[in-house]
Amino acid sequence: MSETTVRVAEGPALVLAGYEGEPLRSLDAYRAVGGYAQLEKARAEDPQAVIQQVIESNLRGRGGAFFPTGRKASFIPTPDKIAKPIYITVNADESEPGTFKDREIMLKVPHRLVEGCLIAAHAIQSRHVYIYIRGEYLEEYESLQGAVDEAREAGILGGVEIVIHRGAGAYICGEETALLESLEGKRGQPRSKPPFPAISGVYASPTLINNVESITTVPAVLAVGPEEYATIGAPPDSTGTRLFCLSGNVARPGVYEAPHGITARHLIYDIGGGVPGAHTLKAVMMGGSSFPVMTPDDLETPLDADSLGKKGYFIGSGVVTVIDERTCMVQFALRVAQFYMHESCGKCTPCRVGTRWLVQLMRAVEDGTATEHDLELTLDVCDRIIGKCLCVLGDSAAMPVASCVTKFRDEFREHLAHGGCPFGEDSQLAGLFAPTDQHAHTPMAAEALA
Amino acid sequence: MSTPELVRVTIDEREVHVPKGTGLVETALAAGVEIPVFCYEPRLGPPVGACRMCLVEVEGMPKLQAGCTLTAQDGMVVKTARTSTQAAEGQDATLEFILVNHPLDCPVCDKGGECPLQDLTFRYGPGKTRMSFEKLTFEKPIPISPTIALDRERCILCYRCTRFSETVSEDGQLIAANRGAMSVITTFEDLPYTGAFTGNVTELCPVGALLPTQYRFEARPWEIVDVPTVCGLCPVGCNVYATVREGKVKRILSRNHPEIDEGWICDKGRFAFTHLRADDRLAQPLRRVHRRGLEQISWEDALDEAERLLRNARGRIVTALSGSETVEQAYALGKLMRVGLDSHQAMLPEEVSGALDAYRLPLSAIREAEVVVVLGEVPVVERAPVVDLWIRAARRNGARILDEADEEAIGGAARVVLLWSGPGGRGGETVAQVAEKLGLADRDGCGAFYLPETPNGRGAADAWAACCDEESAESASIGLLVVSGDEAAANENVRALAEQAEAVIVLSMFHGLAAGWADLILPGTSYLERDGTFVNLEGRLQRLRRTATPPCPDELEWLAELAARFGVDLAPYAAGVFAEVSQRVYGGLAFGEVGERAPLRGYPEASEHIARTPLPRAAQKPRRGEIRLVAYKPLFSGAAVERVAELQFQRPQPELELSAEDARRKRITPGDMVTVGANGSAITLPARVNRRLRPGIARVGLEHASGLGGIVEIAKAAEVLA
Amino acid sequence: MTAFHDEVQELRKLYPEGTRSAVLPALRLAQERHGWLSREAIEEVAGALELTPAYCYSVASFYDMFRLEPVGRHTIEVCTNVCCGLVNAQAVLEAFERELGVRPGETTSDGEVTLRAVECLGGCSTPTLVAVDRRYRQSVTPDDVPAILAELRA
């Protein structure tokens, strides 16, 4: 039962600065590596100046949307312009399949997250921080709560209250407006925008929402200085380092801090040790399960938003999951579709209905009962989901499925010709059970699923 | 108020100018373009953008937008499915997704033919289905209450019903459970959806998922006529349609009057109509025969008998009105008694006053108020249900809701509305005095309401007063008591009076209300069977229509015939009678001009004609430590409700409401049995603690009060035993 | 008032007055006490928060971690999302099924253990991730299963 590998693989240590294998859980340990120095520095500065530095660094959101962090903060009205409290919510609802970096931040450098929150609070003049952590993260919660308590006792919070709010098992709460709804004690269903959270977020008040890694990077930005930070990685748009989440059929999976712009091949083979055994790479779940899968011919693509974007990929939350040749891509598409069906909130029609339809289609292909027409239908259903939903969850289901149908069309056809899966029982994902087949809060729902 | 800025919006190449911020759906309508919707319903609060039916292309935005969530901005260029292929494809996609799980049981669905999903599929939908897998199936239909059936397979999860429950009626009972494809509409633990307004969800539902059980398999849309009328079961006078098939009322629907009801009606108004077909409904007159009880007689004989009884008691007849007569009925009865028989004495179940005429407002003004003061202890919802929704809307709008007219608390509020919700209140005089003290007269947005007990007490009183100028001295004896209608027939005071009367004529719909004490029973009609007018609690004159054929002749017909026997000239139909009343009370307004959605008119002459009735005992003010018991008539009570099996679950539980402070003081916790006693009699009921109730007040439904009222002793039942 | 009621009032203080934010924490607290959210548990939560039981049920049923049916004294949750799936998640799940004699979603007849398959728990580099009574076990293989259960039942 091994621990997750977490290390700086290349370039400067920023998010993981000071972490050398021993978690920096205590205040003393964090202070020993220069912790909270940036907070002190920031507090001595004008709030606007702090925002300006983040803008200049061109730090972008690490949750998946890649929106400029500094600009986001600049949308928040200053207290003299609005008679409502200003809130910060930190998105620690990390649930994207393949993503496990925020968890490691909270375990290894929790105080850096607290420091980031406090710098952000100073920058937008907020006194209320809610950290929305996914309910399954228990040790992470304990580690983070310990850091917050320690910081409070040490008088570091400076009048800012940090409340850790625990989720209860819903992927959709990683969507920022669903997170706000959930934080307000409601069903985690996304809101229609506008109004945008910067104006009317939690409790109808201005709210800054940032991913754990983004906000943890803020002290690092101040430490190296925005000009310097903007030169790291793949400027101008993909600056700095990020925590890549390497998993799947790879020799040395783990969380690796490395600058934007290293190639997928470098990460998988040089850092990760390549595909183990005599197996070959077949596909990469790139960015997370919400995006099109990468094929081996694109392995030289630098892992930055622009380079990936040009080839129809997304950097997402830094996920690189290696899939080797023993994997049936229909099964992969089915399992991904099942995940989104399970996680669809049920609010808007295309996602609620479309995700279930995709599962039915993929199962029919896998069983060999589908026809060529069903492959076209699948692409059409994906097309009818994408861009039509209330939030991006629908797109997240449709994009990977559509990419599998398009990029592995021959393998899909083989299922049809073969009257079932050509891998037989040999695929790594064969017969993989999905919670959609057990998710039943009431006997009535169970009946409906049968 | 400043005029809102007008903005120019182009929709499908048509330019339209609307106030900035107008919803895009309404903006498009102004341009003559329909943006189809399912979940959008402005009365339910901000749009949610859930169903995705309203997808439109907006210039400058990369993706299709949910039109319902947008508002008009200057220079906005919008293309709907009419002019945008992308939008048309979006709509087609949404409909395809909606129909993926929707069963094709339209031929046996009560919504068929009046179903928005059917209509929009017809206009925008795909012609064939590409879904070849199993649809989601659920157990169906599920009775979410005895009055509403839920078909989860038909449900398209637009969340209109749950939003109604959460944000309009605020009952928080009808909810969505689970998530994703497994989301369902439900109640907690399958408890029946209970409350004053539940039936509205059957009209909000854009498919056949929530349907009234009473209407199940009752009619096809091409067999029915929706007759516009006004509900006559409470003083609000909600505008409704009666759905009629072959002369029978099959259903009651709302008919949005934006100033009165905004399209919401209560469950009593919606579901109590089957009392028209109650088992003990009277169709034939009955006469008491010595030692043989009641015998059925012909209408001819009945009128002869009535003439005989009236003639014998000339000058000594007392008329007990119900306050549910139409203006015309009350006038016809009044003219017969007063002009024809020199009997001027009448009584109503409550006082009526014109004192509030200076403070008139439409009910919708409550929502715009900054401060709403609700005086009295009868729950508003029990007496005038829809008014409760207006107060809730005001609170959501940021209004402060006070329970006393505290000048300091009201402070500098510009728009102040007062309400008096019984008991007592002298027909509105008490609240008028408060309004005067606060100087609310002639102030914009300020006004006062009195919530009467009867639906048309004011109209009946005005009409009675208007038919004759003479007044007579009270006679020493009562020769004949004429009891008009079921509220009067059920009234204890009227029953007491009957003991002193030499003879009693009862006009009633139901055998059960008249059988024991009448010498002559004349079958009556329901508000759904009458043509005429009602005056509601705003003082608004509204038009009732004869929506169904009653099993007996209309009152005005035989009243005219009877009146003729005493030399009194009366038209046998409502328009004719109204013409006469109108000359005296309503400024000569023509019957045809009362209006389908009647405006709030002022009737300056009205107040002079108010019949004065004796003042009831003034309510005792509880002294410190004392508790006053308020026994109120619950919404779900009365002759009509008692006769509707499906509404029995709505009738209030026997329980005593106590304020939190009194409960604490008496060490009573919710559910404890408590004994309430006064003047030697006592009742024992379970306690409920109501945080909103004022200390010193306890409340109980009239039917559970056993006649108790005033200052009472309250204690835990166990302590009394000990 | 009960201790539970008082604890919920403490939770409410973490959030602005008049908001419903304490619903999730209160439901969690109730579940920790009763093991699952029975009708009575939900009514208790609703009472403490001055909300309707229906509202609390609506919220509870949205989230995976709330149990609306009775569960065993212990819970085994096996991630079967793709990253764990690519390595050996199905074999691990089946090992638990075999050892416990139940299907995912079911509870052993002695009421001791509930087995569930769950979506990605965020332990993708150490497959298969299994949460034993909510605590993460990383890199679980089918061979580890008997020991995990023995430990649990000890």
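Chains here go by letter, A, B and C, matching the order in which they are written, and residues are numbered from 1 within each.
The working rule: a contact is a pair of C-beta atoms (placed from the backbone, for glycine too) under 8 Å apart; a residue touches a chain by one contact, two chains touch by 3 or more.
From a predicted model like this one, the values you see are computed outputs, not experimental measurements.
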| item | value |
| --- | --- |
| Chain at the geometric heart of the assembly (C-alpha centres) | B |
| Between A-C and B-C, the pair joined by more C-beta contacts | A-C |
| Averaged-CA centre spacing for the pair subunit B and subunit A, given as whole angstrom | 53 |
| Interchain centroid distance [CA atoms averaged], subunit B/subunit C, Å | 47 |
| Interchain centroid distance [CA atoms averaged], subunit A/subunit C, Å | 23 |
| Subunit B, residues touching no fewer than two other chains | 176-179 |
| Residues of subunit A whose C-beta touches two or more other chains | 170, 187, 342-343, 345, 439-442 |
| Two or more partner chains touched - positions in subunit C | 58, 61-62 |
| Of subunit B, residues touching subunit A in the complex | 47-53, 55, 63-64, 66, 69, 89-90, 93-94, 96-98, 100-101, 130-131, 133-134, 136-139, 156-157, 159, 176-184 |
| Residues on subunit C engaged by subunit B in the complex (per definition of touch) | 39, 42, 51-55, 57-58, 61-62 |
| Of all residues in subunit C, those that touch subunit A in their complex | 14-16, 19-25, 27-28, 58-59, 61-66, 68-69, 80-83, 85-87, 89-90, 93, 103-105, 116-127, 131, 134-140, 144 |
| Contacting residues of subunit A [partner subunit B, same complex] | 170, 172, 187, 192, 194, 341-350, 352-357, 360-361, 364, 377, 384, 387-390, 439-442, 444-445, 447-449 |
| Interface residues, subunit A side, partner subunit C - complex | 1-5, 85, 94-100, 102-103, 134-139, 163, 165-171, 182-188, 203, 245-249, 253-255, 285, 289, 321, 323, 327, 332, 335-336, 339, 342-343, 345, 428-435, 437-442 |
